[in-house]
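Two complexes come next, and they have one chain in common, subunit A, joined by subunit B in the first and subunit C in the second.
Here is the complex of A and B:
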């Protein structure tokens, strides 16, 4: 640590950092624009000027930009110096020349960093009385809104989009006072992280286009600490609600995971909650396609009667909370609790959990600092998107390590990037088809999943003689394995990334072998990350459900927050539901399974619910409701509790709150007991008070329901959390797991996260939320997996059909959000040009895809990146039947 | 489409840089020298040749005020409006051009003879006010001198 003197006050600070970073860490209000904790310093805006003095006797000093000045032990600086104050006020005044001052109609108004900084510097009177420059705005797609006139030219957007996220369809145009940030021409921003521009932009140039359609000011939103439901990474979110409508999602800082950035599926998928397809009322099927509404009590009694009769099985869900899944497991009994995923997926999830017991998974922050990466089989951008953004940063590690002799600090962003030029650390991608990270890869290799696994086994073998050998490996693949092994073994923090996308156990085993081989050669920092498909995939697997294929034979079947038609073939599901069998579906959205249900129970959407998700690391994270579920809707676990109560089940009848359920879960499944510590319990209080979900400026609370009753109703009770549906409560910073939104005096924008961290870009005060459920067992390692798959034997006239993932489209819930639906692909069949040519087929033609004796007609798309003998279809689209892929298929010219 | 000559000239520049894209300024200049300006079509062709996106190349093209993204006349007048020329009366020259040619900054005469553009400095402050037409610098100008200068560009 170094000591610096800030306005004569001695302060202990990080000597590796710049003055702005440490001043903000110390809690000083020093204005800035172009600097960003994750993007570093470029010195573009000149806003963070401070006085730097030669020594204690120097009273004149000189102005320096705090973000560009390294900390020096003993340095004396002044923030309050009149010259520095005047300079900073002048910079703002210059920036405000062209700013339209349209705050009342600007979506950023009230949470605008430019507003905050203007107030902070004291610039309050406009002297510039000339015309302002104006621009034409662009259509940037359904997610991001563009209003260029508000721009203050800080260059953050283009630095994030191009340099951090790797987008190439966005740039800065022009010069002088006509600098334009946008695209070459109107069009949808291609990058999967474009939505972060909303938060990266210090003012209202880029705003949330979905929020605009149901806009509410930040101060009028009710927030909750939440976890993303749209994939297995577990990003922390801050959803905002008003008048019963979920209005938007913004990032909630988590040092180990999302830090400052989300993917666009996580940010914009939320609108499924407001969908027309929401289930709002319990209903009983009385004839085919005919339903009768049911009040909550008789609905629960109906289910209770079935439970009491006893012959009921339950199917869980990887997108339902651990608590809801546990409640179902308890209701039907562990032997009658089945996984709501395919058998292959369940087996892989168990394998992933076993691997996590061997060695903890890397956090996203650790992935960013990996200095050699192998991605084996997973199209990360489309299956665990936020992870891909972290992986993209990893290629900078080796060039950054070379900066040391040049004396360039890592935070000096453009100097560091200039020094690195186009040099990138080793990054290898072996996947079935092209991925959105290929542009940073040293080498890519596309092959069928089994072949990729063989490559992985071969890499492990090169690293460690005791790993199993791979027979009959073609020399070029062997050579590639050698290059990958060399890169990984010479790295300090090598990383292997795989996942469940290929539905291949051999791939996971090969990845595990590589990680094991690296650790056996004493590379203690070698890491293995396995992307899991859904928000609670691992949580479901940890409840030890039976394979779905064994679900059969009972009188009644409860399906929890799941569409079985996405999990198994339609014929299998139809058979499961055939006859007099009763189907009880609990979910928030209408889908093919709920349409077939005898009884539908409307479940709270995740933003109205509280529960726990277990992410790819095995980290249990609690999410809380932004608003209570409306009307008769309630949490799935409460429906199940009510039914169990009706059935006279003692264990669950007494559950009054989530904590009661969790206590039961911890008793029943001691291995999962740490889940109790994912967040403080509902009776947690700060100075005797709850934590408010609403900002202190929340308006209209006495009038908001005046059309129904002129007296203000009490806030809805919340037995499940220490949070209140109110602006009243303790204003201090709560534990990080309970932090609903970031707002600090003088800091109304997202930049307020600075005020909640122990150190800038470090942990939130009180520690990062979540607990790891799968602590590695004390004895390490384990053995090498030895089942090396044989080489792929092509089949005459048949194609190996592979799932191709789409960030927009492959995940079910987000597809109910109109903006995401708009960006989802239409169904297609992909073939390489050579394979299409061999069939005499052309792009756009209709082709018949034969699987299990049935034909599906699809439009042909040419994907030059597909390996020969392989075909692809988009994964998870509703228009396509559930397919257990990879699978062999025949392809013919279609009709029409 | 780029002509064979343009393509050859650009290809000759590429090896001079560590990356292909770095030749983009040369490429823009080569095409502009032959065609007078950079059309959207030229931009597309150059971007494709150098492996750049349109956004990346246009960011460079629009940054440089001497790369023209609109058609210009046969002769381009670059009139300095920076501080020295401003002090000694560049505005009289601008007014004269406006009266004689009917064009202001950013405009081209209907007969496409002249385009008038501002420029920040021509490095001849000691002879202000100055302007440049095509490659020729004209110094110590007054409206009468300017009138004579214009005559020599047909």
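Here is the complex of A and C:
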């Protein structure tokens, strides 16, 4: 620690940092624009000027940019010096010369960093009377809105988009004071993280285009601390609600996971909650296609009668909370509780959980600091998108380590990038098809999943002689394995990333072998990350469900927040539901399974519900409701509780709140007892008060519902959390797991996270939220897996059909959001050019894909990156039937 | 004794003073234009709705009696989808008028809005919107703001340069 004197006050600070970083960490209000905690300093905006004095006797000092000045022990600086104040006010005045008179109609207004900084410096009146510069806007797609007049040329957008996120289709154009940030022509931004421009931009140039359609100011939104439901990474979100509609998602800082950035699926997928397809009323099927609406009580009684009769099985869901799955497990009994995922997926999830018990998974922040990476079989950008953004930072680690002799600090962003030039750390990608990370990879290799696993086993063998050998490996692959092993073994923090996308146990085992081999060679920082498909995939597996294929024979079937037609073949599901069997579906959206149900119970969407998700690390994180569920809708676990009450089940009948359920869960499954600590219980109070979900500026309390009844109703009660549906409550910073939004005096924008962290870019005060459920056991890390798959034997006239994932389209819920749906691909069949040529097919032609004796007609797409003998179809599209992939299939010329 | 006589004299004298009691409502009272009475939404000189749904009146309202929702027309002009004032809560402080960046919301010299049913004091946009510019006849926010709306392209606002040509290379 170094000591610096800020306005003659001694402060202990981190000597590795710059003055801006430490001043903000100390809680001082120092304005800035171009600096960003995750992007570092470039000194472009000149806004963070402070006075630096030579010694205690120096009274004149000199102006320096705080973000560009390293901390020196004993340094004396002044923030309040009149020269510094005047300089900062002058800079803002210059920026405001051309800033349009837009605030009332600007979506950033009220949470604008430029507004905050203008107020902070005291600038209020435009003295410059010459015309304002204007620009034409661009269409940047359905997610991001562009209003270029407002730009203050801080360059943050282009630094994030190109340098941090690796985008290519966005840049800065023009010269002198006509500098333009955009694409070379109108078009959809290609990068999967483009939505972060909304938060990176300090003003309203880039704003949320989906929010624009139902615009609400930040002060009018009712927020909740929430967790993303669209993949297994578990990013922390802050959803905002107004007038019963979910309005938008913004990032909620979590040091170990999403930090300052989200993927576009997580940010824009929220609109499924407002979808026309929402189920709002319990209904009873009385004949084929005929429904009768039912009130809540009779609906629960109907289900209760079935439960009392006894012969009921339950199918859980990887996108329902741990609590809802547990309630179902309790309702039907552990032996009658089945996984709502395919058998292969369940087996892989159990394997992933076992591997997590051997060794903790890396956090995203740890992935960023990995200095050698092997991605084995997973298209991370499309299955666990936020993880890909972290992996992209990992290639910088080795060049950054080489900067040490040059004495260039890591935060001095452009100097560090200039010194590193195009050098990148070792990053190897072995996947079935090209991925969006290929541009940073040292080497990529595309092969069928079994071949990838063999490569993985071979790498482990090179690293450790006691690992199983791989027979008949072609020499080029053996050489590649050698290069990968050399890179991993010479790294300080090697990382292996794999996942469930290929549905291959051998791939996971091969990855585990590599991680084990590295650890055996005393690389204690070696890590293995396994991407899981859905928000609560691991949570479902931890409840120990039986495989889905064994679900049969019962009189009635409860399906919890799941579309079975996505999980198993239509013929199998039809057979399961055939006959007089009763199907009870609990879900928030209409889908093929709810259409077949005898009884549909409308479940709360995740933004209206409270529960726990277990992410890829085994971290249990609680999410809270942004608004209570409307009308007859209620949480799945409350429907099940009501039914159990009707059936006279003692254990669940008394559940009044989520805490009662969690207490039961902890008693029943002691291994999961740590979930109790994922967030404070509902009776937690701060100085006797609840934590407000609404900002203290929330408006319209006495008018929102006045059209219905002029007498205001009390705010809805919330028995499940210590948060209140109100602006009243304790204004202090709550524990991080309960922090609904970031807002501090003078800091109305997203940049306010500064005020909630122990140190900038460090943990939130009170520690990072979430608890790890799968703590590694203190026994030896286990032995190598020994089932090396044989080489892939191609079949004559058949292709190995692989799932190809799409960030927009492969996930079910986000597809109900109009903007995401617009970006989803149409169904297609992909073949390599050579394979298409051998069949005499051309791109765009209709082809017939034969699987299980049935043909599906798809349009052909040529993907040169597909390995020979392999074909691909987009995973998870509703237009395609659920396919258990990889599978062998025949391809023929289609008709029509 | 003197005091009693004096009081009787004062009362007697008062009988010849001019009357100050106004026979309201037969005799209307003069209210200055700055009187803070019934709230209206005005239109700009071109006849368009002045309110741009910026929510500033709602946030500044100390009794939270204003609720609205922003929306946009196809050309990008923002306006309130609904605009509701609960006059049974309004304290006529006039902060909304102060906060309004477009002179849309104005307080008028009218206080005659008593109702027998409180529900009738909830005014919607149809009840609030008048046909003229009210106290500020000249101002049109859209002529100043930089955004493009129907009938006004980029660079056509007051004191704006035409849109920059990004392909010119002159220093």
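Definition applied: the second predicted complex is superposed on the first by the 896 of 896 C-alpha atoms of A that agree within 3 Å, B and C clash if a C-alpha of one lies under 4 Å from a C-alpha of the other, contacts with A are read in each partner's own complex, and residues count from 1 in each chain.
The definition used in the following text is that contacts are C-beta pairs under 8 Å (C-beta built on N, C-alpha and C of every residue); 3 or more make two chains touch, one makes a residue touch a chain.
Bear in mind the structure is a predicted one, so any value in this text is a computation, not a measurement.
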Touching partner for A:172 - first (subunit B), second (subunit C), both, neither: first
Per-residue touch tally on subunit A - higher for subunit B or for subunit C: C
Subunit B versus subunit C as contact partner of A:421, first or second or both or neither: first
First, second, both or neither for A:101, with subunit B first and subunit C second: second
Contacts of A:212 with subunit B and subunit C, given as first, second, both or neither: second
Partner chain in contact with A:725 - subunit B first, subunit C second, else both or neither: neither
Which of subunit B and subunit C A:183 touches, first, second, both or neither: first
Partner chain(s) touched by A:741 [first = subunit B, second = subunit C, both, neither]: neither
Common ground on subunit A, meaning residues reached by subunit C in one complex and by subunit B in the other: 173-175, 180
Of subunit A, residues touching subunit B in the complex: 168-175, 180, 183-185, 421-422
Sites on subunit C touched by subunit A in the complex: 52-56, 58-59, 61, 63-72, 78, 84-86, 88-89, 101-102, 118-119, 121-122, 124, 141, 144-148, 154-155, 157, 159-166, 168-169, 171
Subunit A-facing residues of subunit B, complex: 18-19, 53-56, 58-59, 62-65
Parts of subunit A lying in touch with subunit C, wherever the complex brings them together: 100-105, 109-110, 129-137, 147, 149-150, 173-176, 178, 180, 212, 214-217, 219-220, 243, 697-704, 706-707, 709-711
